[in-house]
Every structure is written in C-alpha cells, then in structure tokens.
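Paired with chain B in one complex and with chain C in the other, chain A is shared by the two complexes that follow.
After this line comes the complex of A and B, so read on.
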C-alpha cells in the first residue's frame, strides 16, 4: 500500500509524541541522579533515564530521515507548545513514590507500544522497536518489582504508593489521547491506534496492581489529562526545556 | 535554621544546625548480596562484586545495572553474602604446598618438547 500524505503526517505525529515522551521522561528521571534512595538504585534509575534519551534519539533520527530537522535542532530548539509529550512525563519528579508509579505506568505503555510497532509496515520503525525490546523489558521488570515490594513494605509505604497511583492514573490515561490520524495509521498498518494501546495497557497494569494489593481507580471515574499531544502543557514543561537547552543555547553551532 | 535541601529526605527530617546525625544500626541498612555473572551460556559464573539490597529480586535488578550495563551477560546469580561459607584467613596455611610437590604443578609436564617437535614437523611439511 502506497503511503499518502496523510499517512506520512500521521506517522510523523506518532514519532514526535513517542520521541518527546521519551526525551522528557528521560530528562525528568535523570533529576534523581545523586538523590536516589540508595546508591545501587540511584545508578539503576539514572541508567534507565539515559536509556530513554537514547531511545528518543533513535526516533528523532527516523523523523530526520522523513524530512524533519536534525535531532539536536528538534530536541533543543522548540518551545513547550511545539512539544507533543503527554502531561504525565513533564510533571516534576515529586517524591520517589510519584516517580516510581509514573515509571511503572509509562514504561508498560511504552513496552506495549513498541511491541505493537514491531509489526508496523514502516520497517525502520519496526527495527527500532525490536532493538529496544530487551532494554524496555528490564525497565518494566524494575518497575514491577518495586511496585510489588513497596506494596508489601508496611502501612506508610503502601499508603504512599496507593496515593501516588491515584494521582498518576488520570495523567497516565492522558498518554492515550487520540491523534488526528488514528484511522489512517490503522488502515495503513502503521500503528494499531491509541484506543487499542490503552486497552492493552489496562489489561496489563490493572491485574498487576491488583495482584500487589493496590486499588486501581475506575477508568470512567477519572478525567484523562489530555492536551499534551496537541501542545497544551502544564506550566512545568517550559522551565524544564529552559534548563535542558541551557548549554545548547550558549552556542547552538558548537561541535561536540 | 532548618536545613532546606534538594533531597526531599533531608528536608523531611527537619534537621537544624544543632541536629546530630543518628547512629546507623545493623538492622537499618540492607544486607549485601554477592553477584555472579555468566558471560556466555555453558561457561561458569564468575564473581563480579556485591550489591546492597533488601531482597533477592531487587539484588538482581541492581546487579544487572551495576555489573552488566556495558558488557554482555546471559545470566546472573545473586547470593546472600551471609549464605556464603568462608574459610578463615588464619587457616590460610591449608593452601600451602611443599616444595617437593612441584611435580603436581602443570608446569612439570614435559609438554614443550612435544610442542616444539610438532612445530618442527609442520614447518618442514
């Protein structure tokens, strides 16, 4: 099947939201470096944050091949309204309970999205999806074990984690905000769509959380934090971008 | 004045200039696990170091990032340090060997003669 202009637009929209999510969550999670709850976890969490930046680079490179600017320009010269990340990833790290639940919700969604994309007709993306399979598997394994152990870590631990789940759930649903080209992407076999992704994500995270002893809010009772995919962000994103691009902005043409 | 830190744990502790940092007791920090890494299937696991962790699953998570982040590995073992049975250094003399048992060392084999003979044969061929 030949790609029409709308297929390509839809593909770019998909790549932008994935790459932006990964760049911003990677930057956010790297803010824990040096502050982690223990040395070994500090290293593990920082290392996963670096993985996310690497994954975003691979997607920005695909966008470059599709005619967009080079990865550095795209990553470092846009302002908040031009970013397609979900509001979930741009929020400050908060305390470790919040960051851990966000990591759990985000990484399961990412794992399923990449799994769906390993079958995409756009082969370069299928290759990227397959390349990061093991990396992402470790990330979800890390999140699962922490969620499980912290549920069993006593009253304070359980209470804080449950509270963080309640806070994160609507934000996490915001990841699945439909794009403008859902029908085209599905029709062309590029991507199965946000609705299917959300369903598969729920089928994964709800039983896991329940098995650890947590309560999961009902999807119908929670307002999804939409807007991020269309450039509508919380006031937290622009300061993050200002900080992230501080060095780049001193000399945008510098050769590293 | 209360200490206001980037680290929320420090801020939460509401320390002031007069606060004494408490002593750390044995039960307040995690046990260690020894980490064994297998580079290739079929080869033996090698000890690469240890990690602090509250349980075996988290020890495995940490060990993967501490020791296998850059190099290839196919398998990991983590074992509670306390479960490793060790010899005492005062008994190190059990490993000593007397000089008259050098014939037990592999360097006692007259293998170089055969290797040189093989080389000579193949060079002439």
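After this line comes the complex of A and C, so read on.
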C-alpha cells in the first residue's frame, strides 16, 4: 500500500523513539567503563554500549533519509523535551543491580521489537532490524546469565536484585507507551504496535524471572512510567544531554 | 598504555640476590635467554626475575585500568557519533589490556585480587602520567596520540623480552594500540587544522602534557649492576633515555608539521650526534607525583577503591563454593 503522510509521521515517531532509547541507554552503559564490579563487566557493558550507539546511528541515518537533519545534529543539539526516549533509559547507572535489571528489561524489549520489525514493510528498517537482532542476542544472553547467577548468589544479592525489579517494573512498562500513530503503523504493516510488544515482552520476561526465583509484580498493580515518548522526562535527562553535547556545542559547525 | 617500569636500580643487593640461586640452573637459564628462548611459567627462573616481572607486569596492568579513568570521562562528552564510538572502543581496549596483563602476571603466582588490593592500598604503582587531569577534549586527543605513541615505543621493545606470557600479551596490545594512535592522531589533526578555538585548545593541551610525556619514559639512566642484570635477563629491554630518544625522533617532527609548538626552547635534534637535545623535565616533580602528591593521585585511587567497594557484592555472589582458584598457564 501507498504510505500516506500519517504513515510517514508514524514511522518517524517510531524511529525517533527507538533511536533516542538506544542513544541514551548506550550513553548510560558506557558510564560503567572503568567502574564495573570486575574488568570483564566493564568490557561487556562497553561492548553493549557500542552496539547501542551504533544502532542508534543507523536509525538516525534512516531518519536523515526521510528528510530529518544529519545524525550528529539531531543527536547532539536537541534538549530534553525534544527527546522521545523512555524514562527507564535516562536514569543514572546507580548500582550494578539497577543497571543489570534495566539491561534485562530493555534488551528483551529490544530483541522482540526488532524481531517484529524484521518483518516490516519499510524495507530499510527491516534490513537494519535483522542486523540488530544478531547483536542483541548476545545482550539478552548476558543479561539472562547475570539475572540467574545473581538470584542464586546469596541473600544480599537476591535481595538487591528483587528490590531493583520491584522498583523498576513501572519504568520498564513505560517503554510501551503508545504513540499517536499506533493504528496507522499496524494498518500499514510497518510495526505491530506497542500493546503487542508489551504482551510479548511479558510472555518472555515473567517466566524467565520466575524460573530464576524472583517474584514479578503484577502489571495491574504498577503504574507505567509514561511521558518519555511525548518529551516528558525525569530531571536526569537534561544534565545527561548537557554533558553529552558539552564539546559539540563549543562549535556545532566545526569538524570534530 | 604504559611507559617504563620503575625498576629499582639499587645495585648493592645484587650479589646477595644471586647468591641464593643454583649456579648451574642460573647458567642454563641465562644461556636460554641469550639464545632468544622464551621463559614459560613452569620453567625454572631466579627469584629476582620472577619478582621484577610480577612488579613490572602488574604496574602495566594497573596503568591500563587507571588510564581508562581520565579518558573514560570524555566518552560521555565526545563530540559526535564517530568520536563517541571510537573513544568507547579505545577505552574498552585499555580495560581489555588490563585483563590480559593481570592474567600474564598471574602465571607468576600472584592472584588478580592480590594485585588489585595492592593497587588500591597504594602499595603498587601505576604509570605516573595518569595522575594528571584531562580538563578538555583536546587533552583526551593528546593522550590518545602521544601517550599511546610513547607506550608503543616501550611495549614494542618489551614484546621482545624473555617472558613468554608477557610477550604474547604485548603483541596483541601493540596491535590495538596502533589503532589508538591513529585515532589520536586523526583527532589532533582535526583540532590543529580546525577553528581558532579548536587550535588553541589542542595547543594548550600539548603544553600541559609535555612535561608528563617527558617523564613518561622514566628518569635518566644510571648505570648499575642491577639494571645490567635485568637487561641481560631481557626484563628491561631498553634504557629510559633511549626510549625517550626514539619517541622524540618519531613524534616531534609530526607535532611541528601540524604547526603546533612545544614548550621547550631547547628542543632540537643535534644532526651530528643524531640525538635530541632538550631541557630536562623537573624530576623532583616526577618524584613528588610518584609518591602520591600529583594533582590526581588521590582521586584516581579513590575512584578505583569506590568501584572495588561497590562491586564487592557482585563478585561475592558470583563466587562458586565448589570452584578453586586456578593459576592461568599462559
């Protein structure tokens, strides 16, 4: 079918939120460089961060082909209200328990999102989605192993992880905040929609967490942290952006 | 990244150190090294050889993780996707080098945990150069180019040393460092040929880093019996002064080619001797910084200590009761 203007708007909204999520989580994950609980985890978080930032760049390039500014300008000159990332990804890295739980929640959602998008009718996105799937497979594998090991790693470890799950489940559900073009995206075969993604995500993460011995909060009992997709953010995002753009903004026209 | 090892050059104890060793085994060991053989973990080696190697490899490993801190702070500030991705990969490599080097040192009988504890307790040193701040983006560029270049000079020499596991780790490290150097050079070229603001930024960074770079190769050589033995054993592969000369010869012309200046009016190549002449950097400052009084010593160790402390529960949770410690073999 022919894409209408609303289809293109919906596609751009989808690309922006994915690209922003990946840029911000990649930025956060990179903050573990030099600070991880062991060298191997510094290296793992850095690898994943590089994949995320690379994926984000690929999506900004698709947006550029759809008429948006070039990736550096888009990524390095907007302020928080113009960002469409979920609130989950913008929080500081905190302790390793939080970062690990966020990584588990986020990467399972990404894995399913790009699985769904590998079938999209928008061919350039299908191509990158297929590529990303191969990378994210290792991210979810890493998260699964650590979620399992830390569940079985004694009382303190289990307690920390369970608490991080409880405290961040609503933030994770915020990833699935519906956009303004859900119906159009589904109708055109561009994307199956946030509701379906959330259901598939729950079908994946709840049994996994349960099998590791964790309790999973009930979806109905938790308020999803919506707002991020519409530019409503926690106070953590703007300082992150100020830092990220500190050098670029000295002279945005210069070649760095 | 690593400069030269701070090897004790006190020669007074040399005779007593060697007096304990079996003369026949010692002669065989020295003959193997003279013939270019590599010494492997299970081979016989003099106690002093083991001690100096552990110290050197451990210092090198510590330098890699501490070195990731001043550069790491610029990952979150790197201007644009290209630089951000490259710097992330570069600093990740440095942490990976620490992992390789701790494993190489472990083959000599000291566990990673003991080494890290000695680092955070201040018992074990790391390269002095990381006790200086990197206040601008251009500092990170100068580090990536010139400190990595200095490290390559040193590490290429050490990769021809006698201890197998260290040599093999260094071969891989040098291959990666040569990419870092390209990244750093590209970065400096963009700044040096960029806007007046960029140019000023890189010149100021270079001025700041010149003395630490000159310090990087260690104090001027003093002949001593001890360092002669370490050279004969191929633990120490080049004198501090010869490494410094190699570096100056390779990089000063490249720096000048970019239209940048260096803050030493006496720096010139003596065409007759082929040697570079320069003003000696302040070696009292060097000693002060090594002894913990540099601008960032406390901060660097505090960050490392904090990371160790915050990660303790994770390491504890991952310890399996049934697994015993195994020394890596290579």
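As a convention for this text, the second predicted complex is superposed on the first by the 255 of 256 C-alpha atoms of A that agree within 3 Å, B and C clash if a C-alpha of one lies under 4 Å from a C-alpha of the other, contacts with A are read in each partner's own complex, and residues count from 1 in each chain.
Here is the rule we use: a residue touches a chain if its C-beta (ideal position, glycine included) is under 8 Å from a C-beta of that chain, and two chains touch if they have at least 3 such contacts.
Here the structure is a predicted model, which means the values were calculated and not measured.
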Which of chain B and chain C A:30 touches, first, second, both or neither: second
Partner chain(s) touched by A:254 [first = chain B, second = chain C, both, neither]: second
Touch count on chain A, higher of chain B and chain C: C
Which of chain B and chain C A:135 touches, first, second, both or neither: neither
Touching partner for A:150 - first (chain B), second (chain C), both, neither: second
Which superposed partner A:75 touches (first chain B, second chain C, both, neither): second
Touched partner set for A:49, first chain B, second chain C, both or neither: second
Which of chain B and chain C A:40 touches, first, second, both or neither: both
Contacts of A:244 with chain B and chain C, given as first, second, both or neither: second
First (chain B), second (chain C), both or neither touched by A:160: second
Where chain A meets both chain C and chain B, residue numbers: 35, 37-41, 43, 47, 95, 149
In the complex, chain B residues that touch chain A: 6-9, 30, 51-55, 57-58, 61-62, 64-66, 69
Complex interface listing, chain C residues touching chain A: 65, 68-69, 72, 75-81, 83-85, 88-89, 91-92, 95-96, 98-99, 102, 137, 190, 194-195, 197-198, 303, 306-307, 310-318
Interface residues, chain A side, partner chain B - complex: 35, 37-41, 43-44, 47, 95, 138, 141-142, 145-146, 149
Chain C contact footprint on chain A (complex, rising order): 27, 30-31, 33-43, 46-47, 49-50, 53-54, 57, 60, 71-72, 75-76, 95-96, 149-150, 153-154, 156-157, 160, 240, 243-244, 246-248, 250-251, 254-256
